[in-house]
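In the two complexes that follow, chain A is the common piece, with chain B as its partner first and chain C second.
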Partner chain A sequence: MKNFWKRFYLVIVLLFLYLPIITLIVLSFNNTKTMGVWKGFTLKWYQEMLSSPQILNAFCNTLFIALIAAVVSTIVGTIACVGIMALSRRQRNTILQLTNIPLLNADIVTAVSLMLAFGLFGISLSLGTVIFAHITFCLPYVILNVLPKLRQSGTSTYEAALDLGASPVYAFMHVVLPDIMPGVFSGFLLAFTMSLDDFIITYFTRGAGINTISTLVYSQVKVGIRPTIFALSTVIFVIVLVVLLLSNFLPDKIAQKREEDAKKGIELTPEQRRKKKTLQRIGYGLMAAVIAVVSIFGGRYVGAMTGNGEVIYFYNYGDYIDPDLVTAFEMQTGIKVVMDTFDTNESMYPIVESGQVSYDVIVAGDYTVEKMIANKLLQPINYENIPNAANLEPSYMEILARTDPGNTYMIPYTWGTVGILYNKTMIPEGRITSWKDLWDPELAEYGILMQDSLRDTFMVAEMILGFDMNTSDPEELQQVVDLLIEQQPLVQAYENDAARDDLITEDAGIGMIYSGEYLYCLDENENLDYVIPEEGTNVWFDCFVIPANAKNVEGAEKFINFMLDAEAGLATFEYLTYPSPNSATMELIDEEIREDENVFPSQETLDKCDMYHYLGKEADQVLASYWKRFRGN
Partner chain B sequence: MFKRKWLTAPYLAFILCGTVIPLIAILYYGFTDQEGSFTLENITAIADEEHAKALGLALLLALICTVVCLILAYPVGLILRKHASGKKGFVVFILILPMWMNFLLRTYAWKALLAGNGVLNNTLGGLGIGKLNIINTPAAIVLGMVYDFLPFMILPIYNVMVKIDNNLIEAAYDLGASKGKVLTKVLLPLSMPGIISGITMVFVPAVTTFVISQILGGGKIYLIGNIIEQEFTLNGNRQLGSGLSLVMMVFILISMALLNKFDKNGEGSII
Partner chain C sequence: MSNILELEHISKKFDDDLVLDDLCLEVKENTFMTLLGPSGCGKTTTLRIIGGFTTPDEGRVLFEGRDITNLPPNKRHLNTVFQKYALFPHMSVGENIAFGLKISGKSDQYIRDKIRYALKLVNMDGYENRDVNMLSGGQQQRIAIARAIVNEPKVLLLDEPIGALDLKLRQDMQYELIRLKNELGITFIYVTHDQEEALTMSDTVVVMNQGYIQQMGSPESIYNEPENAFVATFIGDSNIMGGVMLRDKLVRILGVDFPCVDTGFGTNKPVDVVIRPEDVVLAEPGKGRMDGVVSHLIFKGVHYEMEVQAGGFEWLVQSTSMFPVGQEVSLNVDPFNIQIMNKPESEDEEAVVIDV
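== the complex of A and B ==
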């Protein structure tokens, strides 16, 4: 009975550890990208995974970085351990204390300090900086694994080998190394695992277009993770499970047998010894084969990334382009697109400003583009090389010209409004008319969602209070913050595009959302309806821009031109469901959708709306400080 | 045995470039303003209400997480000591395996599990137990922390536990000690190094996390890690971010110094 309870306890702990993993595996077969609903079995995410260059690239990056970091840190670490043994006690203690720093240091501090150091020395961020950072934090794991083994194994066998005439290197390789091999191996494995599972350090030290699985996931967390990543993780997990099971149990079995034999007093017969040797050889052979395959694979993809082919670096919101279009562009022009993603304009801007990474094309929101123009981060667009710009609807270009005189720097990609999405089965149709409804305690029970985005969230309160959405007046902002804090107890969550999943699964009944999400949500859950509140709202444009430090301007122009094609615009509309500024595309869209005023609001509605503007550095800091005041509350 | 001190040279180079210089860089940024002249403002900024609150909450949640991990992990260590002392490889394997599924994804999976209409609540509802509404609360963050860091508590405890000589325990029983006495007077003191090292391995990442609070807190709860991350990635204020990082490190060092009083030998390790 007592044993039963002990087992029961262990099972519960294991269940706790493995429950999320089971969940992810199940979700990888789920026929929808909305989490939390089961829509039947599918393998489509696995297919999409195999055909997605972004995911395969992240996968290769992750393995490549982990492998290099683990191999280098194992070699450097093991050699260092031998050296450490020769040090005096005091020197040894000092070095061990230094070794402990990365272990005890918070990941975020390690990451940030490395990033700052690279910046101070003018080293631009790249794959190399990530690998360096990984080696640095992997080394302590190797040292702490190898050093105790080395101490344990003692010096007598080594000295005996020297006495028998072996050279130090030979003695080390043939006498010491086999003895400490378990320590070296577990150090390697731990280093590899830690590198593989790392997010924070990679996130702060990576260059343009360098994504690992972790950073790819993070860029999608707010957008809603595509199940292709679940599929990829499932595959990795299963492979590792099989490999580790084999490597863990086979040697165990052999060792067990050997022990039993030893107990019985049986010496290994020459044949058995040969067998053992063969097994060992097979083991080494397998390991060598795995390393070879991975390095060939890795070499090829590094070649593809840095090599002769033309490349453009594209910086975009997560899941904000139809992947088929990227493939089509690559096929048509032979230019490889390396895409990096961000979640909000505010998080993209400092990266572009720092100049530590350089992109060729960026998709950015209108007011951020204004800020980039003001800080001279962009270069003017040469319309001669982008003939398809003629497809753009002139009336939208006119609106945009208010921000960017002469449409010099920005070419619209999508546009839309911000409004309220609500569930008609919970809230009667027509009941929602105003932003104030998001402050209605009666609706809180259904779950109210707000955006986690400085300008949009402030805008809602500013509309209710009757302020300009471009205000930076401290008194007005204080009222805005007070109003938002008043709403806080009613709000279920502040999130970005993940809000659509919560509305689809009916985890929330009402929330502020971008107009483009409406059609997608309607497809997934027909009870949802979109409203542009009567106080008015923000009209926004997401635009293509070419940064001043772009290296491949010609490729960037070709890419933009490709995206402005009528058919490409249609594909974009169908994938993103955001309104298109492309009049040639509009003609291809179903009339029924074209006349849906929720997606394409009437001129009357548009007249009540306004655009955000960049307010200058000081005002930006004022906004940021009020935002922190609200969020820190 | 080996007379080759210079073999440490490559490693020392890595320590210098990868640890020491970056720490100097963060010190430099922490004590200068945007124009590059000396200031203490970035350090004293911790007294600002929103910063102090975030640090306090982070310390509190990390403390709860560490205590919960210890309570969960210690019995596991005891049970495994008795029943799985020969299967070290397998135990380590089972505990490390989850790490091969990306850490962000595992945390994200909890969001799906804990959601109002999520798997867990539907199961609980089906069993007629009622709903567990903890998503987007500090409780969900603690749960996420416990989940992510529990193996780092179990491993070191298990490692010292299997090294405890069975004869000691038998001797204690022979001398008439009760089960409780054996636990508190023999096992607990002997496993102290593992406990200390486990606490370190759990507490430090828990205090400094920003990912778990972001994913499971619904963007409503800010820990000091979130503030630092945002200073670097959103506000582009490296100086303030560095200053706050330094303050956070000081708090961690103080906690570690307190802990190390219990662990003079430094025997605990996760390996």
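== the complex of A and C ==
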């Protein structure tokens, strides 16, 4: 019995550790984007991963940064250790304290201070700044690994080498270095892994168009992580596993063999020695070759980034454009698109505001654009250079003009509404007409889902109460909060991305959702239906804008013009399933979908809708305090 | 014989600790010189200054008359055998020995011959391809010596090279070192805190304490005629007592007058007196100069060691004949075996007894 519990405990611990990873690996072979349903085995995500320039680019970036950072920090760190050893004990302790502080320091502090420092010294963020930052934070790890080894090996062999006529450099290379090599190597490995892993520091110090795996994954949070990332994570996990196994078992094996040989009194004959030397040389050669290949590749890559050809820097939500369109644009114009991605408007804004990274074209949400206009971060669009702007549906442009008078700065990319998605097998078709239905206790048994997002969640209550969705009046907000609190017992969950999956898998029967998700959900589960409630709703636009500090305005205009082409609009619609603001594209879309008033609401419905506006800092704080009141309840 | 090495007015401070103070030393060609003293006496620092690992604050180092004070160790024609051997752990025995030769660009054939010659010299034939980490302490020491001497230095510095070995091996190595020194015909400068090693091997012994040279001379003179109480205590066992030099050739010790051979100290002058334990002759009571009682007895192999209470002093006595504890005896000393020393004049010269 005791044994059983012991085993049980072990199994629980192992499950706890490995179940998440197994889940990830299984999902990477799942033939759907939706989590929680198994739609059969597929390798398509691996295929997509291998053919996606963005992922491959991020992958190579990650490796390149990690390798350079690890090599440089290992060299610099080892030299630093030699210096530290030469200090007196008191000085040494002081220096060690100083070098150890960054280890304990929060990454976020390191990241922000590096970004500020780069800004202060007028260094614009680029791949170089990322590598520099990585070298900085890897250094203490190298010192931590090398110094004990150096201390252990002592100064006597070094002095002996000098005594025998070696110059200090020769003595270090031929006597000290081989002795401390295990420490140097483990320092290198640790630095490599730390760099590979890092998100925060990379995020704050990278320049336009530079993504590592971690920043790429993070930027896809808005649209939900594509399973290609699962595939990529699986590959990385397997690689790390193999390296770990090798580095754990190989040295043991070698040491064992050596010991056995020593016990047997086996001496290496000169031939064997020569053989061993040759093997060693081949090993070094291989290592040099790998480094050379990566450097050449990296060099070419850096060359391409800073390179001769025309480039536009494009800042977009993660996975928010059909990659084929980018390729097509590059083929057509010869302009290289360097795309950088973010996860939310809130994380994109400060980066653009800081002015340290200059983009040529950005896709952003309407009320963030409003804030950018207010802070003079954008430049007016020159419609003469964008003839395809004529394709834009005038009625949408009219709505957009409420935020951007005269349509001066914003060119809509996608748009949509917020509404209710419900399952027709549970709730009769036509039963849902109003936001109030989300407060219906009868429907609670099917599972009601709400968004966990300040503006959207408040908007629902504001529509029911007949308030302006841009209100910041404390009395009205108090009523909104009271209404939402009243609804709380009925709500199954407040969630953003997961809402889509829960409705598809029928874990929930009804929930508020963006219209863009509707068509995707319908593909996965045909029982779902979408309704724009009669009280009206929010209409949102994601728009192309050109920042004031753009360097290649002409390229940006060409790109926007290309994206407004009817065919390009269709490709976008099919990739994202978000409604298109392009009337030329509309002609090409299936009639059935085009006529679907849920996706493309009638003018009458649109008249009841409104857009969110940027309310200013003070109002934002008021809203946030009421949001806290509600969420804290 | 000319001087191969001269140290002129060398001073060295570590932090606030004065390790060497105005030290002068001349080393003759082809001698075996030993720097002897307790830990912290400055002997190792002296050796490191000669080797070039430490730079003196003041003074000069001359090698064959040339100033080498600021020459780095790799430019000096000296080689060192280090206390902890300092073999290169990732190299085989042969590679260790070849290290210096490769740097000076000798041919492969020359290096091979030299390795074989050196290994033969230290009685380690056929060990070229062994892993140094698998050798015993004594073997490692021999390799360290071989590694140093293949470079044909004019001076070989040895820093307590056999201190870590066990007693029997240490004695064997002492003879080996003497043999090596004679075969190579070069100068050895040897650092140790072991007085027996110093006396056995050296042509010249330099006794050091607190950064000063206390006495320098042949092993016999150091042992038989210590110039001060420190040297007397440090080298061998001794009875050291205060005494008064009544006049030439007569000293009063513990209230009893002893004839001696020393002159020139003046009259009624307080002095230190050293009498070696083997020079105290025991006889029946009343037959010697002083009477006493045996209080301790230990058998030491070659001789007995006894403590005798006489005149209020505990005499250390070594004798081949045995007197049991409690036995009454008389003490006598041959005038030749009484060594008279001046009392130290300054505090720095004050003898410090350190157990070694």
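Descriptive notes on the structure:
Just so it is clear, the second predicted complex is superposed on the first by the 507 of 633 C-alpha atoms of A that agree within 3 Å, B and C clash if a C-alpha of one lies under 4 Å from a C-alpha of the other, contacts with A are read in each partner's own complex, and residues count from 1 in each chain.
Note that contacts are C-beta pairs under 8 Å (C-beta built on N, C-alpha and C of every residue); 3 or more make two chains touch, one makes a residue touch a chain.
The model shown is predicted, which means the values in this text are computed figures rather than measured ones.
The wider contact with chain A, measured as residues touched, comes from B rather than the other of chain B and chain C. Once the two complexes are laid over each other on the shared chain, residue contacts for A:Val109 go to chain B alone; chain C is not touched.
Of the two partner chains, neither chain B nor chain C is touched by A:Ile593.
Applying the stated contact rule after C-alpha superposition, one finds that A:Val622 touches neither chain B nor chain C. When the shared chain is aligned, no partner comes close enough to touch A:Ala548: not chain B, not chain C. In the superposition on chain A, contact is made by A:Glu506 with chain B only, not with chain C. Of the two partner chains placed by the overlay, chain B and chain C both lie in contact with A:Glu159.
Legend: residue contacts after superposition of the two complexes on their common chain; A:Pro178 is shown touching chain C, with no touch to chain B. Residues common to the contacts of chain A with chain B and with chain C across the two structures: 154, 159, 168. The touching residues of chain A, counted against chain C in their complex, run 88, 154, 156-157, 159-168, 170-171, 174-175, 178-179, 262, 267-270, 273.
The residues of chain C lying in touch with chain A in their complex are 15, 51-53, 72-74, 78-80, 82-84, 86-90, 92, 99-100, 103-104, 129-131, 134, 147-148, 151. Only residues 1-12, 14-15, 17-26, 28-29, 49-51, 53-54, 72, 75-76, 79-80, 83, 89-90, 93-113, 115-119, 136, 147, 150-151, 200, 204-205, 207-208, 210-211, 214-215, 218-220, 222, 225, 227-230, 232-236, 238, 241-242, 245, 248-249, 252, 256, 269, 271 of chain B touch chain A when the two sit together in their complex. On chain A, the positions that touch chain B within their shared complex are 6, 9-10, 13-14, 16-21, 23-24, 27, 35-36, 76-77, 79-80, 82-87, 95, 98-99, 101-102, 104-110, 112-117, 119-120, 132-133, 135-137, 139, 141, 143-145, 148, 154-155, 158-159, 168, 186-187, 190, 193-194, 196-197, 199-200, 204, 213-214, 217-218, 221, 225, 229-230, 233, 236-237, 240-241, 244, 248-249, 252, 344, 346-347, 349-351, 353-354, 447, 452, 488, 491-495, 502, 505-507, 621, 624, 628-629, 631-633.
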